[in-house]
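Should a chain be cited, it is by its letter among A, B, C and D, assigned in written order, with residues numbered from 1 in that chain.
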Amino acid sequence: MNTSLATGPLPFARDFALQLLEDMLRIRRMEEKCAELYGAQKIRGFLHLYIGEEAVAVGSLHALRPVDNIVATYREHGHALVRGLSMQSIMAEMYGKREGSSRGRGGSMHLFDARTRFFGGNAIVAGGLPIAVGLALAARMRGEASVTACYFGEGAIAEGAFHESMNLAALWRLPVLFCCENNLYAMGTALSRSESQTDLCAKAASYKVRTESVDGQDVAAVYETTCRAEQYVREGNGPCFIEYRTYRYRAHSMFDPDLYRDKREIEQWKQRGPLHGFTARLKQLEMLSEEEFLALDAKVGAEVERAVAFAEAGDWEPIEDLALDLCAREANK
Amino acid sequence: MKMSYREALREALREAMSADSRVFLMGEDVGRYGGSYAVSKGLLDEFGPDRIRDTPLSELGFVGAGIGAALGGMRPIVEVMTVNFSLLALDQIVNTAALYRHMSAGQFSVPVVIRMASGAGRQIAAQHSHSFENWYASIPGLTVLAPATVDDARGMLGLALADPDPVLIFEHAQLYNLEEELSADKVSEIRSARVRRAGSTVSLITYGGSLPKTMAAAEMLAEEGIDAEVIDLRVLRPLDEATILASVRKCRRAVVIDECWRSGSLAGEIMARIAEQAFYDLDAPLARVCSEEVPMPYARHLEEAALPQPAKIVAAAKAMLGK
Amino acid sequence: MKMSYREALREALREAMSADSRVFLMGEDVGRYGGSYAVSKGLLDEFGPDRIRDTPLSELGFVGAGIGAALGGMRPIVEVMTVNFSLLALDQIVNTAALYRHMSAGQFSVPVVIRMASGAGRQIAAQHSHSFENWYASIPGLTVLAPATVDDARGMLGLALADPDPVLIFEHAQLYNLEEELSADKVSEIRSARVRRAGSTVSLITYGGSLPKTMAAAEMLAEEGIDAEVIDLRVLRPLDEATILASVRKCRRAVVIDECWRSGSLAGEIMARIAEQAFYDLDAPLARVCSEEVPMPYARHLEEAALPQPAKIVAAAKAMLGK
Amino acid sequence: MNTSLATGPLPFARDFALQLLEDMLRIRRMEEKCAELYGAQKIRGFLHLYIGEEAVAVGSLHALRPVDNIVATYREHGHALVRGLSMQSIMAEMYGKREGSSRGRGGSMHLFDARTRFFGGNAIVAGGLPIAVGLALAARMRGEASVTACYFGEGAIAEGAFHESMNLAALWRLPVLFCCENNLYAMGTALSRSESQTDLCAKAASYKVRTESVDGQDVAAVYETTCRAEQYVREGNGPCFIEYRTYRYRAHSMFDPDLYRDKREIEQWKQRGPLHGFTARLKQLEMLSEEEFLALDAKVGAEVERAVAFAEAGDWEPIEDLALDLCAREANK
């Protein structure tokens, strides 16, 4: 692990930098609130927080276009938010309210949004990869210049679905961006105890897929790397695999006592926090003052409060509508 | 016009591909090899390798890719060589295809058609002779079809493609060589069961590969003066309860026939529905003829003994009539 | 001694591992993490990483490896985190574990035990709330257990390990925190159902996670003067028909309760067996209370509405009695 | 494809060489007879012939020991025979007779033999690989110095089961010999149309598994390579992957019209026939005369005739015994 923080000039303008910072902050503050609401039993079921990994979703999704498809996992609040779901619809979904993005059917793990081509939230590890291959195949057959970005954890690499999907995408040269969020653990299982080859790019390269590996705590590097990969893929050269080296600061889910990681390891990674690091860099570059930061944080805080109020005020889906949207046709029993 | 079940399927594929450029076929050996049951033979030359797309041996991957392509605006027909291999892809069917519309509150839909050969009778032993349509028929969000006639083989595919939600089609491997006259009226819906033989004494309810056996049994019963009605379910999900119950109410006795293992068979589900809804209309206990509860053996005499046969259906019907 | 269902399972694991060096546990996060439902917590320290073996996320691979290890002379206990993920491993269970003995004419056997959490009720939505024990219970060659009490959680594992053939154990996720007095007599067999509450008016037949709900319903019925008998199937394959039929013959009415989707539910199979064998003993149509046919929703009120509940069981029983 | 035949001195004695030749001949003649019997409808169902690939099973299985475990595919007549099943029990099984290795339950695709640790015959492509991993795990836990050899075609490599099994075996350093019979086609699908990376050893190496690639038409080379690999594995170094480059001369199965291969390609490979090549080499080395070859062939022919007579004379399993051996315990319904 590289322990130093990224420094020096940025490859993009201040406005964009502030937007990246704001999006990271939005995820962070939203999720801190979620954790609190989970304690208050407003949010139930599984809740997987993305705290510590924000730079990955923010940097990579900002490299993509509205026409692109996004396929995510159960740890997808951040991706949904950055992609353009309103914080209100996300929060209402976690409350299980009908104003939620899936009318309360999905909860934390199953956020969807057709408008922004956000194909969900998938709670089956590696389950999204074949879907992404198919979305990319459809795009190619329809002559669309879109890229399909598929997020998954490093734990998913052991699944057969990873293997079959990589091969199909490479064999057919499909425009898939395989976005591997390597946070070193799959629940309590460290990468070295799940893969004989821990160099994930070496694994991906065995499918003749182009690979990139980047510091996932550095939002600027994430953005740049993803732009490069996205361009390669969009130009029809076939898929690309990106390893984002990152870390989750919280437990796997709210049920996890988190006893399998060394506290020092967690502390070390926290030194390299994506928010902290980027804020410091912006300050060093004199793009951000402490005052401006506090104003931004207050703005984000207000958005969170509005989202909570919205969710609180929401309605429950009537029980009669349990089977609504099961099928387009008449009830299917 | 006389046509085989295989040709009827091929014609249906050809028609669908010609009518809609979003339709394509993908699966193992559907192209150069011509399909393991030769259904797609010749189509590669006609439509090219993009639309008659051979896949590697990756059932989970390519079924999932079919689902993804459907989400992405195409109308894929995914051929899984046999139902046996579909187990490898089951997660994608259950946890993705069947759920997307409901879980996304109607934002997304998966208009995929998944075809597979199923059933036993060709001496290809325990790993290649399964009938799992009962499992698939238990999954909300799917439509499950079992064409048992050349007409249905010809007509169901287009209707399945028109459905905005996932449809599974089970083609019993013993039917591919079936030859029948194609009727003039096109098959126009995939919602209802059909009375294939009207009768009044006992209702024989079946589908797919067991239909010919059941029709043979009905003939045998007729020779003994027993007037059996034969219901072909056609659609295994959603079940057409109205047709089933009407037949049972008329005949007051029912034997359900399918090739699943007895425990957990679709036959059992049909019996449960009858016991729930037509109990007072019954004059005798319900009965079923299914496969014996063993892995399907290779030897012909053992395989025959393990499968439903006309004689067993006749015996079950007669026992019910006290004959 | 009072004990939780979770502790009972852990004790059973500990006892089995101590008694036989061929026994080991493998699965995702069974070791360092302590098991996703904390069943194996502490066992890694006691038995070491070889025998409490964490696996990568590779359900097909490690379930197959468990089957292979059983063939190779070990007595593996494979934990599949939840039944939902077992779909990825289903091919190995169906096409290898269940077939080996029969297909090799008795030359090989597969003494593997596969445990998995199942069921809904924790608001973890459609991909994590399935009940597929009905599918598994339809496969010849498997024994399928559903411990619903602390005694059974404590006693079934050892008996399963003693079986030379594959045994599947379904642990309903809602039961892990159940606390009960452990009885003095050890559970001594895994072949029969149990009468958990004797009664005479209506037979309520269930298993696993639905047992507590059914017992609650029986209490509610008792308050209304209706004397329900509750049967806990315990063993889902082979079904203990004798106990089921005896209860139905006594009560002359039956409601079957399980958490499967109604179509194709195990409840349906039980009803079919009753309709085949105890038709003349029935005074009313059979009924069942199952899950609604939708993907399980997240929101609590919707999930509750989708699942069997005591009130629904009471209503079904009363309707049957014309009350 | 290397078109020349292997020549020169052999790394083993004449007796052993003749045994290899005889085993190849036994497979060849047995299968030629099977094809004939299929035409006569004595054998039914699926029949996958190994003709052309004999050197692989013969050379590799002779490198293994009785204590080792063998896991094979549906194209396993040759492996079963070389491993020590009698030709009679194989032939009777294909007839569906109770004298068959599985009393007629399995047929061509499901030969089993506990005595020789032949774990079958598996008709699910790649289905044997996880089983092999488990057998090797059991051997390791029991302290046995055995190797588990698992045969599969190159088509199986696309399956998730391959990926999961390679990773498990490598991660746990298990004594598995992954024997890939690369005959270039999976039914009608050429390797280049099923894998983005057609260098199979490169794929296998991505699991940090040792690899070997050998001319599968040269029985001596197959033997030597397998001995080297087997020793490495037996010594506890973890798994090894061997690619045997071979070719099937017949169609995939008796249902296959074989229209997807170039006739010239087939002819070219036939020039390098394993029997033909090895016979020529032995003659060149003056280890074998034409007379001796004919005598050997006659001996093998007689064995085939005996096997057929045995199968013909066999009984049908009584129908009452349909459920025999379903479970050790009482009938399970």
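The working rule: contacts are C-beta pairs under 8 Å (C-beta built on N, C-alpha and C of every residue); 3 or more make two chains touch, one makes a residue touch a chain.
Quick caveat, the model's predicted, so the values are computed rather than measured.
Asker: Can you list every chain in contact with both chain C and chain D?
Answerer: The common neighbours are A, B.
Asker: Going by the average position of its CA atoms, which chain sits the greatest distance from chain B?
Answerer: When every chain centre is compared against chain B, the largest gap points to A.
Asker: Provide the C-alpha centroid distance between chain A and chain B, rounded to the nearest whole angstrom.
Answerer: Computed from C-alpha means, the inter-chain centre distance equals 41 Å.
Asker: Rounded to the nearest whole Å, what is the centre-to-centre distance of chain A and chain D, using the mean of the C-alpha atoms as each centre?
Answerer: 47
Asker: Starting from the mean Cα coordinates of chain B and chain C, work out the distance between those two points in Å.
Answerer: A distance of 30 Å separates the two centres.
Asker: Centroid of chain A to centroid of chain C, CA atoms only: how many Å?
Answerer: It comes to 36 Å between the two C-alpha centres.
Asker: By residue number and range, which residues of chain B touch two or more other chains?
Answerer: 56, 58, 60-61, 84-85, 88, 91, 95, 102-103, 125-127, 140-141, 237, 239, 263, 293-295
Asker: Counting only residues that touch at least two other chains, what does the list for chain D look like?
Answerer: In chain D, the residues touching two or more other chains are 105-106, 110, 122, 124, 127, 158-161, 164, 167, 171, 193-195, 326, 332-333.
Asker: Of all residues in chain A, which touch chain C in the complex?
Answerer: Going by the criterion above, the answer is residues 44-46, 96-97, 104-107, 109-110, 122-127, 155-156, 158-160, 186-189, 193-195, 255-257, 259-260, 316-317, 319, 322-323, 326, 332-333.
Asker: Help me check something: in the complex, which residues belonging to chain C touch chain D?
Answerer: The contact residues of chain C facing chain D are 22, 24, 50, 55-56, 58, 60-74, 76, 91-92, 95-96, 100-109, 140-143, 163-165, 237-239.
Asker: Enumerate the contact residues on chain B facing chain C in the complex.
Answerer: Those residues of chain B that touch chain C are 60, 84-85, 87-88, 90-91, 94-95, 98-99, 102-103, 125-127, 130, 134-135, 137-141, 237, 239, 260-261, 263-269, 271-277, 279-280, 282, 284-288, 293-295.
Asker: Where on chain D is chain A touching in the complex?
Answerer: Contacts found on chain D: 158-164, 166-167, 170-171, 193-197, 202-203, 205-209.
Asker: If you look only at chain A, which of its residues touch chain B in the complex?
Answerer: 69, 101-103, 105-106, 110, 112-114, 119-120, 122, 124, 127, 129-139, 141-142, 160-161, 164-165, 167-168, 171, 324-329, 331-333
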